[in-house]
Amino acid sequence: MPFVIVEMWQGRTVEQKRNLVKAITQAMVDHAGCKPDHLHVVIHDTPKDSWGRDGVLGIDMKEN
Amino acid sequence: MPFVIVEMWQGRTVEQKRNLVKAITQAMVDHAGCKPDHLHVVIHDTPKDSWGRDGVLGIDMKEN
Amino acid sequence: MPFVIVEMWQGRTVEQKRNLVKAITQAMVDHAGCKPDHLHVVIHDTPKDSWGRDGVLGIDMKEN
Amino acid sequence: MPFVIVEMWQGRTVEQKRNLVKAITQAMVDHAGCKPDHLHVVIHDTPKDSWGRDGVLGIDMKEN
Amino acid sequence: MPFVIVEMWQGRTVEQKRNLVKAITQAMVDHAGCKPDHLHVVIHDTPKDSWGRDGVLGIDMKEN
Amino acid sequence: MPFVIVEMWQGRTVEQKRNLVKAITQAMVDHAGCKPDHLHVVIHDTPKDSWGRDGVLGIDMKEN
């Protein structure tokens, strides 16, 4: 009876999200003994100007 | 002195959000003994292609 | 098909939580048109030494 | 460069969490193109008296 | 090895976010002993019609 | 009118949290133009067996 929140940079396709939701749900079923019926996965698509790591905003990173 | 985060599918009107914020705040006052002055309610409107249940993306659900 | 996260200071009784979960669920049904079946409400009980407002930790507040 | 928050009922063993973190990380690499190095997975273990579904607290559920 | 989520009203410039991410990261290094390399800061820009305080939606507030 | 959630490994002293809350609040005032009165900072202390990075649980890391 859990839910999962994924915070990641925006830009994934619907097909990627479709597969990601399926795979995370399966991971919860396989390893945490969850029933999938009430299991939610929500994806927060964050713009690169709203995320930083190591004190540097995403739009300013070299690995951009 | 709490805050409340609501994750739901986008599409509610401003009037619905207005009433929802009022009702959740009242629930916190009535049942958790909160003072409303510092009580925040934030609503995350999630697109249907960024939410899944039972391993299925919102846009692929029949109840869509 | 939403979920709600409540962040508040620890110390509420089970009966208070029971009523709070019921009332927030009802607010979501009444004002956001949600079906309650898949609607989760989770409460994070935060200790007063892990929450601050106005730059002051909960255990240091006068309203404590 | 994302992170993942898992909210679930407490009671999983360390071994279950170990496998869950590994599997969710793999799902993010496989389907969202993430590099795992900066990918965090955090698990919130929620007591059954702090979670409700369908307006009913976890400790009051029949499927308990 | 932490992450920080900032929920605030939308409308900050990229330069403000740049400085905010830098300052919060520094605070975590100075006061919580974190290494910045794996430290994420994510900003959720919330519209004023999706946030309430004291039971009042942001767009209805006088301090708007 | 924002709030900030800090997810980090447990083990910080109250004095560290006190200074962290003060510094993050100041960062929000200085760089995001927030008024501190309604600004909350909440710290989630996560056990090392409930956090992973790079697919590895905290208790299994060498940098432990």
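Per-chain numbering from 1; labels A, B, C, D, E and F assigned in written order.
Throughout what follows, a contact is a pair of C-beta atoms (placed from the backbone, for glycine too) under 8 Å apart; a residue touches a chain by one contact, two chains touch by 3 or more.
Just so we're clear, the structure is a prediction, and the values are computed from it rather than from any experiment.
A.B. asks: Would you kindly state whether over half or under half of the residue numbers at the chain C/chain F interface are used by both copies, giving same or different?
C.D. replies: different
A.B. asks: From chain C, which chain is the farthest off, judged by mean CA positions?
C.D. replies: A
A.B. asks: Matching residue numbers in more than half of the contact pairs is the bar here; say which of A-D, C-F or D-E clears it relative to B-C.
C.D. replies: Repeat interface, by the over-half criterion: A-D.
A.B. asks: How many angstrom lie between the centres of chain B and chain D, each centre taken as the mean Cα position?
C.D. replies: Roughly 21 Å separates the two chain centres.
A.B. asks: How big is the gap, in whole Å, between where the Cα atoms of chain A centre and where those of chain C centre?
C.D. replies: 24
A.B. asks: What are the residue numbers in chain E that touch two or more other chains?
C.D. replies: Correct list: 1, 3, 5, 7, 26, 38, 40, 44, 51, 53.
A.B. asks: Looking at the whole structure, which two-chain pairs count as touching?
C.D. replies: Between chains, contact exists in these pairs: A-B, A-C, A-D, A-E, B-C, B-E, B-F, C-D, C-F, D-E, D-F, E-F.
A.B. asks: Chain C touches which residues of chain F in the complex?
C.D. replies: 5, 14, 17-18, 21-22, 25-26, 36-45
A.B. asks: What does chain D use to touch chain E in their complex?
C.D. replies: That would be residues 1, 3, 38, 40 of chain D.
A.B. asks: Inside the complex, what are the residues of chain D that reach chain A?
C.D. replies: 1-9, 12, 16, 19-20, 23-24, 26-28, 30-34, 38, 51, 53, 58
A.B. asks: If you look only at chain E, which of its residues touch chain B in the complex?
C.D. replies: Going by the criterion above, the answer is residues 7, 44, 46, 49-57, 59-60.
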